[in-house]
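This is the structure, below, for whatever I ask next.
The letters A, B, C, D, E and F name the chains in turn, as written, and every chain counts its residues from 1.
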Amino acid sequence: MTNKANMPWEERHEGCSDVMWRYSQNPVIGRYDIPSSNSIFNSAVVPFEDGFAGVFRCDNKAVQMNIFAGFSKDGINWEINHEPIEMVAGNTEMIESDYKYDPRVCWIEDRYWITWCNGYHGPTIGIAYTFDFKTFHQCENAFLPFNRNGVLFPEKIDGKYAMLSRPSDNGHTPFGDIYISYSPDMKYWGEHRCVMKVADFTDSAWQCTKIGAGSVPIRTEEGWLMFYHGVINTCNGFRYSMGAALLDLENPDKVLYRSKPYLLAPAAPYELAGDVPNVVFPCAALTEDNKVAVYYGAADTVVGMAFGYVDEIIDFLKKNSL
Amino acid sequence: MTNKANMPWEERHEGCSDVMWRYSQNPVIGRYDIPSSNSIFNSAVVPFEDGFAGVFRCDNKAVQMNIFAGFSKDGINWEINHEPIEMVAGNTEMIESDYKYDPRVCWIEDRYWITWCNGYHGPTIGIAYTFDFKTFHQCENAFLPFNRNGVLFPEKIDGKYAMLSRPSDNGHTPFGDIYISYSPDMKYWGEHRCVMKVADFTDSAWQCTKIGAGSVPIRTEEGWLMFYHGVINTCNGFRYSMGAALLDLENPDKVLYRSKPYLLAPAAPYELAGDVPNVVFPCAALTEDNKVAVYYGAADTVVGMAFGYVDEIIDFLKKNSL
Amino acid sequence: MTNKANMPWEERHEGCSDVMWRYSQNPVIGRYDIPSSNSIFNSAVVPFEDGFAGVFRCDNKAVQMNIFAGFSKDGINWEINHEPIEMVAGNTEMIESDYKYDPRVCWIEDRYWITWCNGYHGPTIGIAYTFDFKTFHQCENAFLPFNRNGVLFPEKIDGKYAMLSRPSDNGHTPFGDIYISYSPDMKYWGEHRCVMKVADFTDSAWQCTKIGAGSVPIRTEEGWLMFYHGVINTCNGFRYSMGAALLDLENPDKVLYRSKPYLLAPAAPYELAGDVPNVVFPCAALTEDNKVAVYYGAADTVVGMAFGYVDEIIDFLKKNSL
Amino acid sequence: MTNKANMPWEERHEGCSDVMWRYSQNPVIGRYDIPSSNSIFNSAVVPFEDGFAGVFRCDNKAVQMNIFAGFSKDGINWEINHEPIEMVAGNTEMIESDYKYDPRVCWIEDRYWITWCNGYHGPTIGIAYTFDFKTFHQCENAFLPFNRNGVLFPEKIDGKYAMLSRPSDNGHTPFGDIYISYSPDMKYWGEHRCVMKVADFTDSAWQCTKIGAGSVPIRTEEGWLMFYHGVINTCNGFRYSMGAALLDLENPDKVLYRSKPYLLAPAAPYELAGDVPNVVFPCAALTEDNKVAVYYGAADTVVGMAFGYVDEIIDFLKKNSL
Amino acid sequence: MTNKANMPWEERHEGCSDVMWRYSQNPVIGRYDIPSSNSIFNSAVVPFEDGFAGVFRCDNKAVQMNIFAGFSKDGINWEINHEPIEMVAGNTEMIESDYKYDPRVCWIEDRYWITWCNGYHGPTIGIAYTFDFKTFHQCENAFLPFNRNGVLFPEKIDGKYAMLSRPSDNGHTPFGDIYISYSPDMKYWGEHRCVMKVADFTDSAWQCTKIGAGSVPIRTEEGWLMFYHGVINTCNGFRYSMGAALLDLENPDKVLYRSKPYLLAPAAPYELAGDVPNVVFPCAALTEDNKVAVYYGAADTVVGMAFGYVDEIIDFLKKNSL
Amino acid sequence: MTNKANMPWEERHEGCSDVMWRYSQNPVIGRYDIPSSNSIFNSAVVPFEDGFAGVFRCDNKAVQMNIFAGFSKDGINWEINHEPIEMVAGNTEMIESDYKYDPRVCWIEDRYWITWCNGYHGPTIGIAYTFDFKTFHQCENAFLPFNRNGVLFPEKIDGKYAMLSRPSDNGHTPFGDIYISYSPDMKYWGEHRCVMKVADFTDSAWQCTKIGAGSVPIRTEEGWLMFYHGVINTCNGFRYSMGAALLDLENPDKVLYRSKPYLLAPAAPYELAGDVPNVVFPCAALTEDNKVAVYYGAADTVVGMAFGYVDEIIDFLKKNSL
């Protein structure tokens, strides 16, 4: 999964003392970047060959939700296919899908695994794999509806695949915690454990309504570093911000540290206004040496990037843990 | 109803491939364009004498909703009266009105008919006629409460007046379909038929919560061309977009084609922010030769315009029908 | 419409000082009185030939709502058809109906008119006429959805048919007032006026949530006597009780008197328990000399009767008017 | 699993033409039948040794929900343990449980499997096995929260365990359909398929809000016979009734027939009044020759029984299928 | 406040092992016991002269809520005045009251104090005093709206009056805890402290939605014994049960013991059915030697009584404390 | 409380005819003006020594709400402490506080009194005093929960302290009126009176959902001038605007005049977008000669200022009173 391309990066702006900072050229992907799109957001990228590949959520102008493959040399300028991904059968013939959204991409051992919110009598977690971002093999849905934000770990843990997810309901779910589940074979799932719950309103209100896993966890010496979103329900609707957690390497249902303050919250114009105002929604992170670049959906309309140093982020988590 | 003034028009911008496009000088009417106003939006215009006349929704700074007459030579620069329309009795003495909003104007045979959302123990459809935009004769309300978005056809159909409307409830109605009703005399109404219902979420989500007729239907060879609004309920509130439908000339309760993608959705700054963010709400259309100019309320705050070619729009409907 | 049969009657029980009292043999119609039924309630009866006829709401065991004709010699023992009414076209070919419930029956001039809550894209008021309770001619729905409790006056008023109704929404409507509408021809309706609104909670809480017309108004020298239901929303659901109003003979949108105390409220076992506990829902009244017999649905399960003297009821209204 | 005891039985009452009928001595278990109980309902029984055993939902007087073992010689007179079941570890050490309710019991191959609604950060499906109804081995929860009404098939299907369940949310779920999932080992579950959805209101309103599996499916020559509950949301709350479905023997996600009319709905006094009025909730069925005895919770307070003939029920399903 | 009449009493029924038991002649007051009443419930009684006096909530047949004085020789057979209490000015001229309900009566030093839920722009706590149950002097409302269930202590504590109450909102409040407030003069109140909150659903579900003080606390050697109501929100509405708590004599915001199981919950027919099914709502307790008699509203319709021994109740609290 | 500093001021802009106008350099306090802050808004300032002091609501990046002291020479450039105020005991030892927000500051006689929304088992009104803005003495909460927007009068009235407040519930309260309460000692409160209620939707919709006191009332010859906020519930959430009222000097529960049109409503970019779009929320006013400067929170994110002349505002109220 390593490649020779340098990951996108921009240094901390002068005068900025935040742990993570926005890319000055945000948004990196605009709402109309493919002809059919109404909005492109909540998308995932990974190193691929001599550059990067990604799976993108592009809602079309009928506001149908689907996922599209895309490619980039530098992680910033993207060529996104104009047609959505068409699945072929993987470990199942049942590849029904009313809609697909909020993809994540995870390299495990020999292939890229895609997870997304899959419409099968309501939202649940769809799974597919690809070797080349051209042919995608759809597998059994991981869970019964209703579920969202399924995020795989990049390695088997104790010999089993591991996935974070957020059980939900069939609407604009006003609750939600992060769980982990295990599978010997990417087909049957069990050993479900609660990992992280919403915070008390008085402790950390930005994550008191619901939380959901964001990026594929990054292995560090101190634990799995995972960016996630937290939601507060204001009198004018939901506000989505980004935090991070450090999970135990061997027992990832054990949270070592978790950000009490957010790392990034809606404040830039493209985060404050759009199809759904006040949304910062991380779905992927690239890492190289000590640097990390997070891709996040902004206002359910465009894609932005934010940067940071892994050690600084972990240090911040330790000093500001919930 | 024809006049010698040219309708307002601006060609498609270079590089734009959309079927309809915004006027570059939007908004054409600002929120404070009359002294008392808090906002001016959801308004209707027609050719009149050597220019244009209109009926405008101007909410005042007490946020009372009322309708005002206005006049323009070019359809873009408007003189709106500073006092709301005062009605005189038409075919009834009962001209109670707690509030008036979202007017439409329709020329039929010998006069201009105004329809609007009229407050009579809740919202229903008010009707009035005028010959000169000075004296307005208020008639019986068309329906029992609760109803909104009453839009007349510009000709009698099978000898009867015809009106589209959207039965509602007494609040921020979270549902709504378009019906047609007929009247021999603009006083008694019946023969109610369902014309168009909301779309399935998976087919066309921008119009899956409620829809309502917008502009007076335009007669074309292929059918009545009608712009309408559709609404999706996001986790941060309702988002209103614009589509179009082609109704059968003789049996207008029969939908020939209907836009699966929207034609215009909130994306410009004056549509994304305002008293009610994320609203595009068409209320009138001017047409001349093959050109059409739609007037729409933006963010419940100002009035914008969008343009298109009738044949292109119809062609688009045929190719992208729900 | 007169007949030779005596209307059902039972004198006021000893020790009872209520204005109206229950029949001691209640319920007169049981929930399983036809083989397919789950419940029989909210039904209407009229004098017919040498006895009585009625139209009955019988929900079947799939809990589909439909209306059935029935016949009785004495108004108490009923033969209800085992098959629902099948309509033939009256003044329209459009006789779609997803469901039918809560019928009323009204003799006007030369025939019996049936009104009911008709499922046409939601509840609205269906209309049909019959001469013999065998063939029923379905006419245009009176109104757009959403409406319930349509009740005709037994005479034209100022040359027009008149109907009370209650505009509603598409669910368990938590609001509702009584309006009147007029029609020259039973096809087109207009001149809608608000007649009675819910009471203030502090004045008469049993009718503070919604009200709806019940029985066909009875002409008396002092006005139209009409039994209606009122609803209070308790912390355990809706409770339906019965009151009465006296409407002006010539301008029936004018309420002369209206019961501040209820006349009958759920207290008997068959009213307190059943498919919907705590419901008394009047749909018809027989009258003869000074006596009146009201048929009411109880707990959405069975039919009960209550009796009273017209002059006493009017006297009570005068002394206890809201 | 067979035994020598005769299953409880009472013939159809004279004059009764219903497909299924209540036991005349209902309720068979009273609300206070053990000292600590507030209510005993929604319980499951199976043949065991020379009589019957069961697992009973007994809410105590703190209204804590738990499950208790019980024994009977005749299936009607029960000795229920005064202490709830204490679990030992089965295929997991994680046997947390905030509460347990609505048990089902299913014999598969060599042991009895218990499934129930298990409180683990919300309701999900708990699993345990026992050989003797004394020692119970708790296994991994089958699914992520939120889920209720997990019901096992009494045989492996295509080599795998199969379970029906109803994905839910974290409150008084106002929606719910029946799904099937498979497991090679009672630990990891997958291949989730939608089996039955709620009915349209106009087709079969008693099951239009939510449905859930009830009894362990009974193998018949024509398919798996399964009793289930359906719910309608009246203006005074939920009403639970009982229907039945016939599922394909080899592909049980295929519904062959399904009752459009209910088989049993709340009408007896102990069903109409209690902690939750208007509930009939089947959890178990005994069968012998052609006879079937269903145990159902009534009004969330007591346990009742209903009887029928398997062939008549299947015949009824065929003739009255949704 | 002592008197010579014996308090009403009935021994524990044979075979009954409950801590508290119902009076076998319940209900002691019927819904129609005065001519105007729709229901009589949630009422308070005290020893008075050579018998007992009480203040009764009698909703009339307009379902207006008001309080009435009544008298009894034996505490069981009551003469309730047919006219509601008319207040005269106490420590204020502002004796507005839209409605009065749920009274409590408390003897302190030299007079009887009445508290009730008083309608002043919403529910709040009304206060009045009387010497004779003939003239009642209304004082300042204790608190701002919205509040219910104000219950005084029968002695000053640390020189100040003390009152329990339950802050609420303006509807069918779905939350509610018990607070204490102090006053030097029955006019100004402060030092508000939280006393008891709702229980966790998993610990004691019958009191997990809201709780409210019931009877005037009884001084015992071990603390203030107070009966209260607790509420669970079932899928068919609220269910009200009765528990008890023992508060510290000197610091009554300190709860010494509190019943985890309820002491009385709806199970008798007159508690399960009525205007609001499933309500047991204690408002007063008489005590003599070791005996206690609780008066409680049943189903918001009638008044029932329950008996117990103080020492047994306290013993039960100690052994079954939350 | 007087000082020598000039209050901040900017003349009415040319061409502006509004009664009040925004400061051209708005916002005067940015969201990140102290290192820990997520947002700074809804804050109060007063003259202090040779400049100004204030108490500021700074939500930190964990979105915990707290209040901070700050100082300024000119009322525009502020130094806000980086640590929140730590309270010492005032007239109580009970100084629990889960959170603090929306402070007001009021000089009475010899000291500054701070009121704020204090988290004690829900929102209520906290009180503290300070002489120097360094040491703050916390007193008893004024009221039981739930309450917000407590605003003191700057003088005793009839010998008693007086406070406006808005009883609320425990969430995003969808209702709310302004009351007044009195206290002899800042510890016990009573004599609660309703001052102002929300307006009818048809009269003044911007204040039809809830209203709350804003600034400390300013004594003028004609009455107490008080700025307040009003809220309308649009289909996309709450919109907060500013009005003013003139209260009787001696009986301040008597409203002399009250603005029917708003004085300031969200229209500037920093009011339309932010953490909670469309909020203008006044918390303080400085006055000098005839000039007034209002400090208001904008979009729950920053602080803005607006100016006006007292006599013009009073004149406007008289001419445009509700």
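What we mean here is this: contacts are C-beta pairs under 8 Å (C-beta built on N, C-alpha and C of every residue); 3 or more make two chains touch, one makes a residue touch a chain.
Here the structure is a predicted model, which is why all the values come from computation and not from measurement.
Peer 1: Using the touch definition from the top, how many steps at minimum link chain A to chain D?
Peer 2: Graph distance in the chain contact network comes out at 1.
Peer 1: Write down the chain pair in D-E, C-E or A-D that repeats the interface of E-F; the criterion is over half of the contact pairs matching by residue number.
Peer 2: A-D
Peer 1: What is the distance in Å between the mean C-alpha positions of chain B and chain C?
Peer 2: Between these chains, centre-to-centre, one finds 39 Å.
Peer 1: How many angstrom lie between the CA centroids of chain A and chain E, rounded to a whole number?
Peer 2: Using C-alpha averages as centres, the distance is 55 Å.
Peer 1: At least two partner chains per residue is the criterion; list those residues in chain E.
Peer 2: 236-237, 273, 277-278
Peer 1: Touch graph across the chains, line, ring, star, complete or other?
Peer 2: Topology of touching chains reads as other, fitting no named class.
Peer 1: Which chains touch which?
Peer 2: Pairwise, the chains that meet the contact rule are A-B, A-D, A-F, B-C, B-F, C-D, C-E, D-E, E-F.
Peer 1: Help me check something: in the complex, which residues belonging to chain D touch chain E?
Peer 2: 31, 35, 38, 59-65, 98-99, 119, 172, 236-238, 273-278, 300
Peer 1: In the complex formed with chain F, which residues of chain E make contact?
Peer 2: 92, 94, 120-122, 124, 140-147, 165, 167, 169-170, 175, 177, 179, 181-184, 187-194, 197
Peer 1: Which residues of chain F touch chain B in the complex?
Peer 2: These residues of chain F touch chain B: 17, 202-206, 232-237, 239, 260-262, 265-267, 269, 272-273, 277-278, 320.
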